[in-house]
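Naming follows writing order (A, B, C and D), and every chain is counted from residue 1.
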Amino acid sequence: MKRKIINDPVFGFINIPDDFIYNIIQHPYLQRLNRIKQLGLAAFVYPGAQHTRFHHSIGAMFLMDEALKTLKEKGHEITADEWDSSLAAILMHDIGHGPFSHVLEHALVTDIHHETISYLMMEQMNRELDGKLKTAIDIFTDNYPKRFLHQLVSGQLDVDRLDYLRRDSFFTGVVEGNIGSARIIKMLDIKDDKIVVESKGINSIENFLMSRRLMYWQVYLHKTAMAAEKMLINTLKRAQELSIDGEKLFASPALSYFLSKKTYIEDFENNGEGLRRFIELDDNDIWSALKVWTNHKDTVLSILSNGMINRKLFKIEITENAVDENRIDLFLDKFVKRYSLSPHEASYFISSDIITTDMYNEKDDSIDILYKDGTIKDISKASDMLNIELLSKKVVKHYFAYLRD
Amino acid sequence: MKRKIINDPVFGFINIPDDFIYNIIQHPYLQRLNRIKQLGLAAFVYPGAQHTRFHHSIGAMFLMDEALKTLKEKGHEITADEWDSSLAAILMHDIGHGPFSHVLEHALVTDIHHETISYLMMEQMNRELDGKLKTAIDIFTDNYPKRFLHQLVSGQLDVDRLDYLRRDSFFTGVVEGNIGSARIIKMLDIKDDKIVVESKGINSIENFLMSRRLMYWQVYLHKTAMAAEKMLINTLKRAQELSIDGEKLFASPALSYFLSKKTYIEDFENNGEGLRRFIELDDNDIWSALKVWTNHKDTVLSILSNGMINRKLFKIEITENAVDENRIDLFLDKFVKRYSLSPHEASYFISSDIITTDMYNEKDDSIDILYKDGTIKDISKASDMLNIELLSKKVVKHYFAYLRD
Amino acid sequence: MKRKIINDPVFGFINIPDDFIYNIIQHPYLQRLNRIKQLGLAAFVYPGAQHTRFHHSIGAMFLMDEALKTLKEKGHEITADEWDSSLAAILMHDIGHGPFSHVLEHALVTDIHHETISYLMMEQMNRELDGKLKTAIDIFTDNYPKRFLHQLVSGQLDVDRLDYLRRDSFFTGVVEGNIGSARIIKMLDIKDDKIVVESKGINSIENFLMSRRLMYWQVYLHKTAMAAEKMLINTLKRAQELSIDGEKLFASPALSYFLSKKTYIEDFENNGEGLRRFIELDDNDIWSALKVWTNHKDTVLSILSNGMINRKLFKIEITENAVDENRIDLFLDKFVKRYSLSPHEASYFISSDIITTDMYNEKDDSIDILYKDGTIKDISKASDMLNIELLSKKVVKHYFAYLRD
Amino acid sequence: MKRKIINDPVFGFINIPDDFIYNIIQHPYLQRLNRIKQLGLAAFVYPGAQHTRFHHSIGAMFLMDEALKTLKEKGHEITADEWDSSLAAILMHDIGHGPFSHVLEHALVTDIHHETISYLMMEQMNRELDGKLKTAIDIFTDNYPKRFLHQLVSGQLDVDRLDYLRRDSFFTGVVEGNIGSARIIKMLDIKDDKIVVESKGINSIENFLMSRRLMYWQVYLHKTAMAAEKMLINTLKRAQELSIDGEKLFASPALSYFLSKKTYIEDFENNGEGLRRFIELDDNDIWSALKVWTNHKDTVLSILSNGMINRKLFKIEITENAVDENRIDLFLDKFVKRYSLSPHEASYFISSDIITTDMYNEKDDSIDILYKDGTIKDISKASDMLNIELLSKKVVKHYFAYLRD
């Protein structure tokens, strides 16, 4: 086979080890990730943050390889099939993402999580590749006996996070979000089939948790990025409403499909039309449509689309408590009058809710620290420094976003 | 006004100095550059190379500011209007770029250079901004008395190049293409109204010329990127042919406009429809259309589009001499038979021509080196090292690209 | 004056703004810092950590300049004299450091803090420079009315720390210790003559505190570096003991002075011999002597010196509780027998005490966060994340170091 | 054995593969390189350039390992002994360097090249290590059958250069001197037992040659660094003259040895006193002595030493032609009168000669480029760009350095 090397500004040269991996990378499902940005709308704030989910997947594969090397050096057996399948699993872990992930999940499809879609797509790829992805899928779904492999794909210290924190820090220019991914990986070990961290890596873990938090507030939940997201959700919801009402809207066939009806998980199963259309969809469909919609006769759609295209984003306030209902009414009133809209139409110029962070979830309960005497402590016990309880508690804030004057 | 700072992974924090500059950056013409990648199809080779023309323009503005500071420190007078106008000129210098710049110029429009379009767009912006861009446009078009300002915008050592070489090196990961932009800028001076470089900067200049050459062959003219470009040109030409023949093709209104007819400079003048449609066009229109065309019933269009979307690019050979006509015929024959095409149709699966590098043009004739005794020498005389004649000679090579089996 | 620029791999080009600053940099007291490493013995662990206190002082001067620019942009008045004097104060803040700072303070001089020596040296420089350093010294000693200037030189968020954390991270390669010095500086403001941080900088401050902690455990208090320090202290104490007893030891005149007698603060005052000899002393005197001492007939001195020169360092244990006295006795016994020493002599092969961190001291009590409504909260109240009480509590650990077999 | 990892800011984590290599690194001859700076006096210009020859040797070992991996992947056999011995050879390649390499060779010893000393030291180490360094020494001396291994240690594209160009660029901050060491290594291959470079690496090679040239003029032959070197040579020559004349000078025993007599190669052979004293010598001896000599009663010695310590360096002129004899006489005259010296004494305040660059020597005659058809071309033929003849021609310039007023 051809020796293949990918030039990555973050990690340097990345080798593609064999044809099996090469063919996965070349698969249309992976190539599609070239057209979906990792950080969605954050580029409104950080112009360098244009890197794609494809690039992230390649980086995560590199770190998986490094992690497996470390574990092997420490005497843990990893077969050739497990090695390749772990690389495959992390390569494919994000294939179910749609454009502007949360936007899509909140606006166009109904309660379908991207991990579910990833799984359905992996099943489809596995059929095409004669079942060769069986182990990779088992690792992804945590049905493989050596469960530490799943933890590397999806766990508190998985290579997914180790890559994206480092990569997002690099491309945004938020240098202080940098993590010591190389050092953390050198500290990994396995105990009772679980990933643990050697105790001398404890400061790096604290720093990792802290950097992750910094990146959340500085980048992922940045006010401007969030304002753009809320505006885009309302834009797409309005487009869907008009579309279901029979209005003709410019859109690619794939986008048209999702605008013209509510979509459910049933539409995705068994390689259904929902899944096939979804695979055709990427960031380009959204931007192309938004540009055309700026001239649409529907006032709501055109104003929102224009806001997205020409960076006249919602103004957003983030507060401890929910916004006062009276204040919302005042805004609605203003929009009704100024733009001659119905109250329902005016409501598209407003968005308010709690901030749903997906920073911390159940799987994050613990990072196990391994001491030299063989004992294990959870990081929340091992660190005298971090208020881990607070760290793992869901932060709930409220936002109120509205069209600027 | 609001203090505005942009976080750039290349140069750190970049200040937006005042409302005048802020308003240019917020103008739809500038915002559009957020949707056009600086390096077009190079991301097929360098997955990190996703940075936009907008980001480059901001970086070039930063370097312009640095250059003006240096010149001022060396005693040259620069008025506040000249300062702001120079920043404005470099900010706007690329607004006339279309998606995949050369592709568009070779496939969709007829003999219209992007600099001409930039100028027409600046004129339009100037009308909207009550003539405040007059000085900036004069600097851009070299009609301003202090001609060194134009040289900083467009000359052998302009801040355009100083930014893009450094930025492209950063995002591709081709570290050895890095140039000492800071050192070069510190070495700039003015003599007889022309930009010169202090003699102790001569090694940095040699290195700059060498790095530029490296970036051309390693990135800008990379075989895979070029193969993708030739494939895209043929795809769009085929789409235009079908479209003019009355075939219905999915496309955004803006793209439809350019597919449905040949476009000439006259269409762009006086804010004509050509210009207005052009401004609506960006990378997203092309990718959206290509995805839909993969299912088009025209064999040529669907195969080419599928190649672009799923990375089955043309194979390309680069040689000193033109490819043998017989060899072309053999390929045509093969395609005619395999895909049941007419010879004309089959010809879309082939591309061959000279490689047109725009690396060296007339304005590059000289970089003036200033010695301590006040004398000036051209770099080709000042450097005993570089074969500058070869450097400034147009390199002519031939390529032959064709559909892979 | 000559335009002077210093090339710094951390911050790029650093300008020396005027002759006043240039002359301070050229003063022998500053030049001496070129011969004292910033991180002392940490190079035993991090081979890149060779940077000097001179280099750090230049970097801190650069950050002071940046900080003053930010404050000026936010409307605070800073006169030309204050500006230059602040640069001068930070340039000189470390001139009182001796070689391997703590080593010297614990081994050769008696209870003389390096800040005291810095002050005495500034006074001497001021006499030489006709009193032009008056304002700088007032800022350094916190006797200048605008007290925020002192805070920038020496406070919880001073430019000293902002530089050394960043620089030490760079040269050691501990990338995750990187701090967002540029962002923190952009967030600085003044309220009631005190340095405050805008509330949107709170995550950067948390990250700064965390990185500082990481650097302490990963670098400044690294076991190997500490083992080397304890070994060097014992070496020098033995040399002093022998020297006072009349033994001839190779040493430079400056080092001889400090070996031949106990030195007190009185010896330093009024440009006394203590100060004059101190100024002659740097890292080179120590290393030169150690090399010669490896062949000294005194077993203790030669073994310890040889350990320093050939990296056979003490073994060190760091524990929560003090080491058992019995265990110390066992070790002493072993050394007495193996090397035919008296118990007193054997005691030089052992070192045990509490770890004295100077990470947190009184001045660190608070970092003031400024909210948009003008209120101020201490970081320990403003951050829901960091266990600031723990952070500011002195960490007390015990170490036990001893000669390896 | 203990897993050992070294943290390198340039290449990240560097593994020490086994005990054999670990023991070489721990040997006193290697540890001594911790006390010799790679760039000697360049820190007078680039304050960050404090990195040591030890650090460089570790980096070169890392690159050797990478190069061997690449060659192995391409199907070339390398035995375990060859692998370890190649790492050992590059680790030891610089052990014969003295402090301020050229200074020593021009001032203290007579016509003894550092490579000869390295060889003598390797022989001594080999005796201590029971002959285990035999293969390593054969590789170093080009007596090993697989001659490409020697080329990696010492050839036009050896890992010595690949490391030092990259490392020196990093620590000086001369970013444009950066080379693509990773890319060049990936392009290495073997043909007829010689190291060749795949033709697609040709631009990286051109860039490498150019960067090397840049580093020479920007760093290695920087005027200020050269002025310091010439001043130090004269200082040491004067010290030797006084010493031979019976004058007592402060110096370490090792330095005293070289000051008190002329030393020849015979003194070094058979582990003679010359070699044993040489091994005790490092940068610290020189700086320690210079500081003391600033107060010596000999006017020449004290003025020169003071210049070195307090950065009052020679002024230097670099010209195409030799300086006029009359001008030298004028300077001598001035010094004779001003300082009441004999003409011979005054001559120490002047230095003039040709600039002896060791940039290009015989071994640099060629870099072989391997084309896909198996043919080989020298880079001077393969590159149409570089004036390789000029590059390989010794550049001869003249300098004239003298004491500043």
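Following the convention adopted for this analysis, contacts are C-beta pairs under 8 Å (C-beta built on N, C-alpha and C of every residue); 3 or more make two chains touch, one makes a residue touch a chain.
These figures come from a predicted structure and were not determined experimentally.
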Centroid comparison with chain D (C-alpha atoms), farthest chain: A
Selected pair, greater C-beta contact count between A-C and B-C: A-C
For chain C paired with chain D, centre-to-centre distance based on mean C-alpha positions, whole Å: 32
Whole-Å gap between the CA centroids of chain B and chain C: 50
Whole-Å separation of chain centres (CA-atom averages), chain A against chain C: 43
Multi-chain contact sites of chain A, meaning residues that touch two or more partners: 12, 174, 183
Touching residues (chain side chain A, partner chain B) in the complex: 6-10, 12, 26, 28, 31, 34-35, 37, 43, 45-48, 50-52, 54-55, 58, 170-174, 250, 252-254, 280, 282-285, 287-288, 291-292, 309-311
Parts of chain B lying in touch with chain D, wherever the complex brings them together: 174-180, 183, 203-204, 206-208, 210-211, 213-214, 217-218, 384-387, 390-391
In the complex with chain A, residue positions of chain D that touch it: 3, 5, 12-13, 73, 182-183, 186
